[in-house]
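Input: structures, listed below.
Here chain A shows up in two complexes: once beside chain B, once beside chain C.
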Partner chain A sequence: MSGVVGSLPRSGYLAESRYWSAIAFLVALPTLASLIIVVLSLLHPDTEILGHLLRHVLPRVTVNTILLVAGVAMLAGLIGVGLGWLTAMYHFPGSRFFSWALLLPMAMPGYVMAFVAIGFLEYSGPVQTLLRSWAGAEVWFPPIRSRGGIIVVMALALYPYIYLLARNAFLTQGRQALEVGQSLGLTRRQGFFRVALPMARPWIAGGLMLVVMETLADFGTVSVFNYDTFTTAIYQSWFSLFSISSALQLAFFLLLLVFVAVALEYRWRGRTAYITSLSPGAGVVTLTGAGRWVAFGSALLVLLLAFVLPCLQLLAWSIRNGQIDARFLDSGLRTLSLATISALMIAAVAIILVYALRNAGNVARLAGRIATLGYALPGTVLAVGIYTQISGLNGFLNSSLESLTGASPKFFLQGTVLAMLLAYLVRFLAVAYQAVDAAMQRVTVRIDESARSLGVGGWQLLRRVHVPLLRGGLLTALLLVFVDVMKEMPITLMTRPFGWDTFAVRVYEMTAEGQWEQAALPALSIVLTGLIPVIILTRASSHAVATR
Partner chain B sequence: MQLQLDNLFHSYGSQAVLRGLNLQLESGEIGCLLGPSGCGKTTALRCVAGFESLDSGEIKVGGVSLSRKGFTEPPERRQIGMVFQEAALLPHLTASDNVAFGLQGLPVAERRARAEENLAMVGLAGVGEHYPHELSGGQQQRVALARALAPHPRLILLDEPFANLDVSLRQRLGREVRDILKSAGVTTLLVTHDQYEAFMLADTIGVMRNGVIAQWGTPHEIYHHPVNRDVAAFVGRGVFLEGVVRSADTVEVAGVVVHGEVAAQHHAGDTVDILLRPDDVIEDAEGQVATVKRRAFRGATIVYTLSLHNGEAVYASLSAETDYPEGASLRVRIAPAHLVLFGGGAV
Partner chain C sequence: MPKYLSAVLAVLVLAAGCAPEPNEVVVYSARAEQLIQPLFERYMAQTGAVVTWATDKEGPLMQRLISEGEQTPADLFLTVDAGNLWLAAEQGLLQQAQSAVLNRNVPAHLHDEAGRWFGLSVRARTIIYSTDRVDPSQLSTYAALGDAAWQGRLCLRTSKKVYNQSLVAMMIAEHGEEKTEQIVRRWVANLAAPVYSSDTKVIEAIVAGQCDVGIVNTYYFGRLQKKDPAIPIALFWPNQQGSGVHVNVSGAGIVKFADNRPGALKLLEWLSSETAQAEFAALNLEYPVNESVPSDPLVAAWGDFNQNLINVSRAGELQSRAVQLMDRAGYR
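Take a look at the complex of A and B:
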C-alpha cells in the first residue's frame, strides 16, 4: 500500500485508517465503560441497601415512572400530532404564525415550566387566591401536585418534538396521501385516520421516542413535583444514602426501561421507512365557520399554556424579586464558561469522530454507534457511570504513584470539572455529531477528488473546501450543545465541583425550597438563551421547506 | 500532451482489476475506454488521475513518469483535469468561482477573465453568478468541464460524464463536448459503457475486457471489424449464425451463399459463426421468406426481429415505410457488406 493514497476509493488524503479506528474507539470508550459499569454493578450488590430498595423503593418508582411515561407520551402525542395536522393541512387565523411559534416551548425546560405551574396554581398562588376572593374559601381546585399535574406539564414541555416531526411528515406526504385517499372514495377525515396517520407513523414514532427518552431521563421536573421516579431515586441513594452501588443498581433498572422503549419503538415502526416525496402546493383547506375558531383556539391555548404564560410569570417574578447580585453574576459566569468550554470541546470531538468514521473501516462504524449512544443514557445514569470510572482511574493513579515514589499522594479527580466535562461529552456528543455529520454529507469523495485534480490538496483542501462547507453545521453543533449544557441539571448537580453554581443548579436549589420567585431570574436567563437556537433553526427549516 | 500507459497492473486486495493494460494517446487525441461495468476502465482512469497506485507498470504524460510501482505522484501535482459522472461542483461557490477554483497564483482580475472565458467556451456565458443548485444537470456538467479545462491541464479525464443526463441532452452535449475538447486541443481519455457516447466523442476506442484492452481502433474498425466475439457482442447489435466456408470468398449461411472476403485462417469446409448486423439483412423480392416476430419503431427505420425459414432469428433494420405488423411475412436477403467470421465454438 502506498502511503500517499489508500487502495480503497473512498479513503482520502488522511488515509491511515488504523489510527482513525483507534481514535473512534477512544471516543466511544467512556460511553461503553459507563454501560458496562452499570450492568456489572449487579454482580456486587450492596445487599442491605438493595433489600431496602427492592422492598420500598423499586415497586413505587417503577409504577410511577411507567405511568408518567405512558401519560406524557399519550398527551404529548395527542397535542403534537393534532397541531401538526392542523398547521400542515389547514388555513385558519394565525395558522402561519402558529406553525413556527408552536416550537417555541422547546426553549422552556420542563423543570422551569414545572415550578412556574406550581407557583401559579398552588393554594397560595395567584389563581387560587383570586378564585377564593370570588367564590369563597371552600372553592374546589384540582390538585396541581399530582400525577395528572406533572403529566400535563411535561406533555406541554415535550410535545414540540412530536409536533415538529409529525408536521414535517404531513407536509411532505400528507397532501398526496389525502388525494390518494379521496381518489379511492375516502372522506378527508377517513383519509387522516386510514392513510395520512399510518404513513406518518415512522415520524410520529421517532417523535414519541424522543419524548419517552426525555421523560425517562427527566430529573428536574419530577423533583419540583416531589414525584419519585428512577432518576430521583438514583440521586437520593447517591446524596442521602451515600451508596454508589445502589445508585448503580437503580441505574441498571432505568437503563432496562430505556432499552424496552427502544425495542418497542423498533417493533412498532416495523419495516416502515422514512420516505420523503414532496407534492407541492395542492390541498391546503381554508377552514370556515366554527372550525376555524376551534383550530385557532386550540393552537392559541397550547401556545399560551406552554410558553406565553410561563414567560410572563417568570418576567413578573424576576421584576418583582429578581436580584442581579454577586451570586447571580457568579453563577451566570460559571454557566457561560462551562457551556462555552463544553460546546467547543464537544464540537471538536464531533469533528474528529466524523473524520475518523469517514476514513476508517466498518469496525470503526460500530464505535461511532456506541459513541453516539450517550443521548439515550439518562443524565443520572451517566453521572454515576462517569463518577465510577473517574474514581477508579483516580485510585489507580494514586496507588501507582505511591508504589513508584513511596509517597502517598492524595489528589482527587472526582468532583472536578474533568468528570463533569466527560459526562457532558458522552451525553451531548450525538447532538454535535449529527449536526457536523449532516454538513459533512456535502463534502463527497468526488468533491475531494475534483479539488485535488485541480491542484488543491492537503491543508489547502481543508481550508478552501472543508472549512467553508462544514462551517454551518459546526455553528449549529456549538449552539445546540451550548444550550443543552446550560439547561442540563442532573449531571451538573451530581458531578460539579463543590460550590459550583450554575443557573440550573440555582433553579434546583431555590425550587427545592419552594422559593419560586428567587428561581425566576436564572430560569428566565435559561429560557431566553434557549430561544436563540430554536428561532435560528426553525427559520432555517421553514426556509428549507419553502425552497424545496 | 502524449499519454502512455505501459503494462498496468492493479488489484483491490486479491481481486486483480488491471492485468497488463497498454495504451497510447497522441497529443490532442480523444481516446475512450469502452466496456461493461467491472472491466477495469474506471480503475484505469483513477490510476491515471493518481487516485490509485499501480502494482506494476508505468504511466507517462508527455514522457514524464507519474506512476510506477512504489511511486505515485499525488493528484494535486499532476495537472490532470477530471470530470466525474456527478458534476461535484463546490456548493458554496458560484459557477464562476468554481471554474476559477484551480487557478491559484494568478491575479484576481486574470482569474475572473479566465473563468468567464472558459464558461463562454462551454456555452455558459452569463451564468457565472449562479450557484450550482440553480443550474440544470447539463449546465452543471458544462461548468465541471470548464473548471477542469481552466488551468490548461496536460490531460483531461472524463468518467462517464453524461451518465446522469437524459438521452436527448446526452447526445447534444456529447457532440458539443467533442468540439470544445478539439478546439482546446487537449488530450482526453474518456471512460464509458455507452458505445454511442464513445462513437460520438472518441477518435480511438479501446474495448476493455477483464483488465486489458481487447481491441484498439477507430469507431468504424471496432464496429465493422471486431477482433473477437466479445467485442462484436458488446459493440452494436447483431446475431451470430452458424455457416460453412465454401471458398476463399463465399460462405453458406441459412441456406444461401453470401460473398465476401474470408480471412486466411478459415478454410473451405470449416464451420464458422457469421456476425450479422441489422443492416446486413435487406428486403428483396427474390429472397427467402421470413416472419416478423417483433418490431421496434425507430423513427426513420424499424428494427425487425425476423424468424428465418429454419427457425433462426436475425435483426433487420428497414425503412419505416415498410411498416410490417407482427406475424407478417416478407422476403429478405442476407447481404453483409463484408464478412465477420469467427471459428465455430472457440474464437
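Take a look at the complex of A and C:
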C-alpha cells in the first residue's frame, strides 16, 4: 500500500508537468507566430530598399535607440529606486503623501506628457515667450526637442514602474537588510548600497525591464519628438517606402536588441535570495535637518514635473477647447470596459503561465520567455502579426463552414473584440507576468512541498495556497494592464471594431493634425481614469501593510 | 466533420456579426471623422441610403483591405494624399469606375488615369512668411528657399509626413533626382530649428519669431487665421512663372471587392457634385475639386494661383525615391 502511495504522486506529477508545458506553449503561440512572420521576412529581402536602410537609416536609429533606452533606464532607475528607498525607509515632511502620490504619473501616457512638455517649453510656448519678454530675444533656453528632452520626458513617464516594484522590495526587506548591515558594522548608507540594493535586485531588474521594453516599443512619444528610433523607421519603411518586408526586417534587428536586453537582465538579476518579511514599516528613520528638506524637495520636484504641471496644462487646454458630447461619453465607456476586460483576462493568463512554468520543465521556460516578448514588439508590427493570423483562421472557418453547409457565409473575426483582446494579450502579458512572477518568487518550494505532502496539488494548490499569497502581485498586475490598455494606441487603432473609439483614438485623431489643445480633454480623461486603479492599489497596499 | 463543430461554427457566425444590409455603403476613411460625418448624414437624409464608416490611418486601413480580401465589408475607400490613393490602386485594392459624372466634375490631373480613384478636394502646399520680417518680393520658388538669404530663417515639418514626401516627389518629377537632392540639402542647411511634427507648429514658430519662412498646407494657416484674423503671417504662391503651386488631393475609390458597387459609385458621384463639394472642401478650408464650385470666403480671400498640372499620381510613383532622397540629404 505504502509503495503504491509513494509512486502515485510521482507519475502524476510527471503527467501534470507535461500538461503544464502544453499550456505554456499554447500561451506563447500567438507571439511565436508573430515572431515567425518577422523572421520569415528575412527570406524575401527587398534588396534596393534594404540597401538604402542599411546605409542611411539603420546606423542612426541603432545609435538613437540605444542611447534613448540607456538614458531612460538610468534616469528612471535613479528616480524610481531613489524615491522608493526614501519613501519606504524614512519619515520626512509629506512622506506618507508622497509614498502613494509618486505613483500617480503612471496614469500619464508618455505621448501625452510629450506634447504637453513641448507645447509648454518650446520656443513658441508660454515659458520661453515670457522669458523673451523679460530678458530679450537672445535669451538661451535648453532645447526641449532634443535627445536630452525626450529622455527626461520618458523617464518621468516611466519611473513609476521601477518605483512601485523597488519600494515594494524595500518595504518587505529593507529592515532586515539594514539589520544585517548593522551587524556587519555598516552605516545606513553602506547598508543601502551593499545589502538592501542587491537584495532588491530582482524587483528593480523587473521594473527596469518593463521600462526598457516600453521604451523600445514606444511609437507615440518618439513621433511627437520626431526622434528617429527603430519603431519610426519600421513605420516609415512600411507606409512611406511601401515595403512591408523591409519593415519586418527592421523589426528583426529590433528583436535582436530585445534579446540583448533580456540577456543583460538575466545576468544582472543574478542569484536571488528571499526571506520572509517580518514587520515592514519598522526601522523607518525620521529625517532631520537639511536632509528632510532635500528628501521633500526631490519628491515634490518629481511629482510636479511628472504629474501636477502636465495635468494643469491639460486642464487649461480642456477648459478652452474641450467639448463633452455623446461621442465623448461613448468613447469613455468603451475605454473603461476594454481596459477592465483586458486586465482580468491578461492577469488570469499570467497566473496560468507563471504556474505552468513553475510546474513544467526547462523547455517550457523557453515558452515563458517567448510569451512575454510581445511587450517589446512595436504595436504596429504586432497588430499586423495578429491580424494576419486571425484572418487566416477566419478564412479557414469560412471555407469549412461553406463546405459543411453549402452556403457561403461572410463573417469576420478580424475587426472584432476577439482580435483586439488577443493582440492586447500578446502585448501586455509581460506586464502582468512580471508582477505575478515576482510575487510567486516568494512562494517557496517548501510551501509547495508541504502542501503536496498534505495532498493538495494541481489546481487546488493554485486556488487554495498560491492565489491568496499572490494577492498583492495580482492586484499590481491588474492595475498595470488596465492602465497600459487604456493608453495603448497602435493596436487599438488597427484592430478595433467599427465605431469603437477610445480616448487614445481620440487623442490620436487630434494630435495627428497638430491640434494638441483639442487633444487635451480625452488625454486628461485617460489620466483621470487611470488614477482610479492607482488609488485603489495604493489604498490596498497601505491597508495590507497596516494589517500585516 | 463532426456535428458539434458545425454548431460551434454557427455560434461563431452569430457572434461575429452578419453581412451588411444590401443597400448599405460601407466606407473606410482615413479622412478624419469630423470632416466626413456631416456630409454622410446629409447624403443619408437626401437619398435614404445607409452609410456606415470606420476611420483610421491610411496604412492600417489598407492593410485591413488586403487581409480581408474578398471578404471585405468595405465599398468605398476614402483617404488623403495622392500617394496613398496611388498605393491603394497599385496594390489592387480599388476597381475602375467608368463615370461621365466623375470625369466631368474632377479635372484630369486630379484623378487616376484608369479611373480607380478620384480627387474630392484640393490641398495646396505653399510658402508662408512673417509679414513683420519678410518682404514677399524676396520670395519666388520652393527651390529658392535654399538660397543663402534664408540661412537660419526656414522652418519645415518632418519628412515623415506624406505631404512633404509628395512635394519632394513632384520636385523630382520636375527637376530630376540630382538637382532635387541639392535643393533639399540646402533647405536642411537653412533650418532655424529641428523639423516640426506638424504644420501648425511651423506656423506658430514663425509667429513666435524662431524663423521667418516655411512650407505648409493652406488649411492649417486657415485654421489659425480663423482664430486670430490679425495673425502676422501671409501666404505666398510660389513657382507662378513655372510649374505652379504643388497641389495634392483627398479622394476616394471603389473597393475592388465591394458588395455594393452601385451604391458606392452613387455616393462617390454625389461627393463630387455641386451639392456636396462646397461643404466637403469648406469643412477643412480646402479647395473644391469641382471647378464650378466657389471656395469658402476665407479661402477665396487668399487669391487665385496657378497649380502644378502634372498628374498627382506621380507623387505616389516617386514617393519611395523621395523618401530615400530625404534620408540621404539629412532631412529628418
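Following the convention adopted for this analysis, the second predicted complex is superposed on the first by the 341 of 548 C-alpha atoms of A that agree within 3 Å, B and C clash if a C-alpha of one lies under 4 Å from a C-alpha of the other, contacts with A are read in each partner's own complex, and residues count from 1 in each chain.
The criterion applied here is as follows: a contact is a pair of C-beta atoms (placed from the backbone, for glycine too) under 8 Å apart; a residue touches a chain by one contact, two chains touch by 3 or more.
Here the structure is a predicted model, which means the values were calculated and not measured.
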Exercise for review: Check whether A:223 is in contact with chain B, with chain C, with both or with neither, and answer first, second, both or neither.
Suggested key: second
Exercise for review: Using the touch definition from the top, say if A:56 reaches chain B (first), chain C (second), both or neither.
Suggested key: second
Check your understanding: Is A:469 touching the first partner chain B, the second partner chain C, both, or neither of them?
Key -> first
Review point. Touch check for A:394: first (chain B), second (chain C), both, or neither?
Key: second
Exercise for review: Could you figure out whether chain B or chain C reaches more residues of chain A?
Suggested key: C
Exercise for review: State whether A:43 touches chain B only (first), chain C only (second), both chains, or neither.
Suggested key: neither
Review point. Inside the complex, what are the residues of chain B that reach chain A?
Key: 12-13, 46, 49-53, 70, 72, 74-82, 84, 86, 88, 90-92, 101-102, 104, 144, 147-148, 151, 157
**Study point:** Residue numbers on chain A that touch chain C, as the complex places them
**Key:** 49, 52, 56-57, 122-124, 128-129, 137, 143, 145-146, 223-226, 228, 232, 235-236, 238-243, 380, 383-384, 387-388, 391, 394-395, 397-398, 400-401, 404-405, 409-416, 493-494, 498-499, 509, 512-515
Point to revise | Sites on chain A touched by chain B in the complex | key: 2, 4-5, 7-9, 442, 444, 446-447, 449-458, 461, 464-465, 468-469
Point to revise | List of chain C residues in touch with chain A within their complex | key: 1, 5-6, 9, 12-13, 15-19, 32-33, 52, 54-60, 63-64, 67-69, 71, 73, 87, 158, 160, 162, 165, 193-201, 204-205, 207-210, 220, 319-320, 323-324, 327-328, 332
